[in-house]
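A, B, C and D are the chain letters, set down in written order, and residue numbers restart from 1 in every chain.
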């Protein structure tokens, strides 16, 4: 099968859905010729025109609210919000409007909205350009939270998200963008709420989110050489979470390590650990461990950044300590 | 000791802090003549004048941002946000500005800002005026999170928060403003970061904060009549967390319930459970239980709101469940 | 309403404007300093010595220098993501600046802030900002703090044209005006918010068209004429100091460099860029000073030599400085951890 | 620069029947406001933001709208859904949070949407509905229909970032929308001059390049005429118009926040003297377009309708707990 990058897979999913459904529109800053901050909308305006690729001013509350209004009227906006950090500026519209409209409307008028955010670390992105705030959205009933790690997953899950009738925060880890992988040319759907076991193992389960999936797989490879068989589970969707798959894996291995780019306190890892403590308690042979960013903003200096960013070594150390 | 409501205790704390330090000022919507939605700032305008008791337009982002700016140049603002539900409108200013300034400046900048926010359901105020969002703040390095459950703590912690050189998110549960209790006179300070055992017990530990503390104490009372002794820990501060207090208690009771009013998923209860599982794993004899609101927006009508406020009714069941079972982990390490 | 231009803000014409020749030469030197640093930073980015998102302000030097010539060292300032010029013009230490971009311990923020988070309380620089429009309410707050502390300073608030469609712009201008605070809002209107022309983002042609909504004094200034910027700023700062409240200055300028290092600038015609390059504020001021006989080729060479030395020393300092120790990464989250 | 036209006079081009219908709606809303406020004070529901004294605005502004046109309200102003055809029975059911209400008791009634009547679902976050309304207008533009949206909000909302961003978007996209500020001069306890730089909301329209009209909000015919012009402009592709109606609420901010400070008795009395309902009544009697018997009949009918609604709603049952858990997701 042909290989394309994570970034190209995103563009392909959007284009195919826009061809399939005239109600799908793109909104955001610089999404026209410039192609958006993520450069994933390059060329789309040429095919679909400026009535389906709407360039907005730098007014995040304004155009998130407007997207909700358009969604209530039957459109399926894909919002390019750029950096995940920018979602803070539009937090009220996301949390108090988008997330609650379905509840207000008794399910009559729905908000089919995909808010694409570019999350996590990239070299010297700095404190307001490197955050992973999925845990905040995970605490908000009415939102779905998706975070694919591979080109294959991102195309299938973005397609599913565009077709979903709920507001979805779609996390695209920066570190995943250059990654290449096999992606079918035709459209396909990966159901929201299904985790994927990226590697099977018997001694420990590493539950990894987004960009950490790749580090976990590399760590698992090294561990294998030391005779440690690690299973790597990628939830892919954070809300709703595929509890069954995750719990089954931990019941099998008896050990759990959870890792994400976000800082640990209040992170999604806490939620997953609490669920495991509740549902896999008797199978646990060791404490559940969490690996995430340091409890700091993200410094710009490359040397400092590398100390706050979780890495493959952290995974190796923790797993070896557990076993 | 005089008895007073939590609102009165907070009012007294404002007065003491503002009398002691001219850099302290209050800012927010309707805090002047109106005295604040919850009457917390009543009388301050007359005593301290409109420069130090600042009524603002409905412009949350500008109100928080300008408090940050004032703090940067040496003031100590006490900001009132009438409903924590509104923080979304000023979230960037809180998360990307207030919380990060000290760090980004390499320690050169200080933002001694107190954000007082009313939280919680129970008054039929509906989706946009009843939420509990403390978990968002706990996930943000650089902000301290305080949630008193009693008037004396409200006073003591607010005075501590004003003294603190970092931004403090100070949550006041709407339902507790009228709760009356004895409050020490004068400059009574309660240190940030210290929880309190409200009731001792040997059978299980209930960790809770804000209004949930009152639920836990009621339940502990009921359980005692059945011979179950619950230890009730009132965290008072979520960040920094008094981990030792929790671990010491769990190492004695070997059982943990975390109870909070906020929605369950990614609530702060998850954080506490996973920390205990991480660090007190060997002491645990049963799976820790989270008692929290279902994952729904807060409904408006009173009977539906009761569904959201389920933790109150579910807590006793959780106590029974936890004391009725005894698991054994496969300890192979 | 094109702009409610206020007579007292009209450029005083003639070169001097109450400035001594030394002042004028100093302003020219500052402009060269800003330009040279941006050139150096650009070059070191390409070499990969400086990482991260870097926003240069080549072509906009007259605004930062003109405004800073009109204020005192203890006056406060908030900035944007395009902050290098503001920081240096306000008196920030060039060595600490360069070290910060290099991510070194000796940087003004110990390597934690970088280009978009420069900060130096000592020179009243209250911070660059990575979030568009986020600096406006903070500036209003600094001015509010002045009111409450009774100290003597005004606050300058730099923002770009892109920020004027953010809610914080509206809330901040309203708040500063209704509270009559000593703040000067300086819009560096460089025509583009990243790739989008300002005209695709708002119906009114000028940012200052919005000032009348608040009965806020405003004027449009040629942002490539350092003296016009200086004159307008002086009047605005005087108004703020004397309790006459805030002013909005819309400085029309243009960044001849890209939005960020690596921007291909495909969204704007090369002719447009060239046209503005022809209006280069530094060359223009030089010509003016040469004509007036304030500047000679000799002194210009000396200025360039001094500037080159400062840039060179700052770069060497940055390179020679230590990387911050790991523990620095977890310091300063809270005051207690200092 | 777009100019502001002051409107108080009206070229009365309405038939007697239309004028009487206006009166019928206004008196119905007035009676509703009276009872809704009193029932809240009596503790039947947590809170009510009364709009008594502002009845001319919903009736005049919405009179010519078609059900395809959208109206968006904030936390105040249930006159809009009423004048658009939502029954007071439904609205009381919403206020009482009964099972058999459009919101099934889950949300404050002012969020209520009634798609078939063009009543858009709003929120109670001050100002945040403005971008939402712009979004509906954007959808109309993309659908290439000529339906119009009216976004109602109060003077307090005019200082929110959402106001700025939502209106700028509508302007730059030339959307078919009318921004309708019901200026009752107080944002909760804060008088306009203390909250609003420049002391004028309508002047802000210039900052977005929008034409604007300042209207006597207690003159239903002036409101009608102004909105008619604005709606016509929008339908013809002329883009948004900003209307500011000066009016006054006779009741405090809400039943929960019922303390009065800035507002004086004299001020209230002066506005009660300008009662919009009486004003239309006087006009109709003066011109002989209606008899007092006819008008009384409308009043009695209104009171009867409300009594029946109350009798029903006070016996109506509350929703079952399962309702709270439904529709969080589709």
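Assume a contact is a pair of C-beta atoms (placed from the backbone, for glycine too) under 8 Å apart; a residue touches a chain by one contact, two chains touch by 3 or more.
This is a predicted model, so every value here is computed, not measured.
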Between the pairs B-D and B-C, the one where more C-beta pairs touch: B-C
Centroid-based (C-alpha) most distant chain relative to chain D: C
Computed distance of Cα centres, chain C from chain A, in Å: 37
Distance from chain C to chain B - Cα centre to Cα centre, in angstrom: 41
Distance between chain centroids, defined by C-alpha means - chain C, chain D (Å): 45
Of all residues in chain C, the ones touching two or more other chains: 107, 110-113, 117, 129-131, 165-168, 171, 174-175, 178, 200-202, 333
Multi-chain contact sites of chain B, meaning residues that touch two or more partners: 56-57, 59, 61, 85-86, 89, 92, 96, 103-104, 127-128, 141-142, 295-297
Chain A residues counted as touching two or more neighbouring chains: 57, 59-62, 85, 88-89, 92-93, 96, 100, 103-104, 127-128, 141-142, 294-297, 299
Category of the chain touch graph - line, ring, star, complete, other: complete
Partner chain D, residues of chain C touching it in the complex: 1, 165-171, 173-178, 200-204, 209-210, 212-216
Chain D-touching residues of chain B, taken from the complex the two chains share: 29-30, 32-35, 37, 55-61, 85-86, 89, 123-129, 294-297, 299-308
Chain B - residues contacting chain C, complex: 22-23, 25, 51-52, 54, 56-57, 59, 61-75, 92-93, 96-97, 101-110, 141-142, 144, 164-166, 240
Chain D residues touching chain A - in the complex, by the definition given at the top: 102-104, 106-107, 111-113, 115, 120-121, 123, 125, 128-140, 142-143, 161-162, 164-166, 168-169, 172-173, 326-330
Parts of chain A lying in touch with chain D, wherever the complex brings them together: 25, 51-52, 54, 56-57, 59-75, 92-93, 96-97, 100-110, 141-142, 144, 164-166
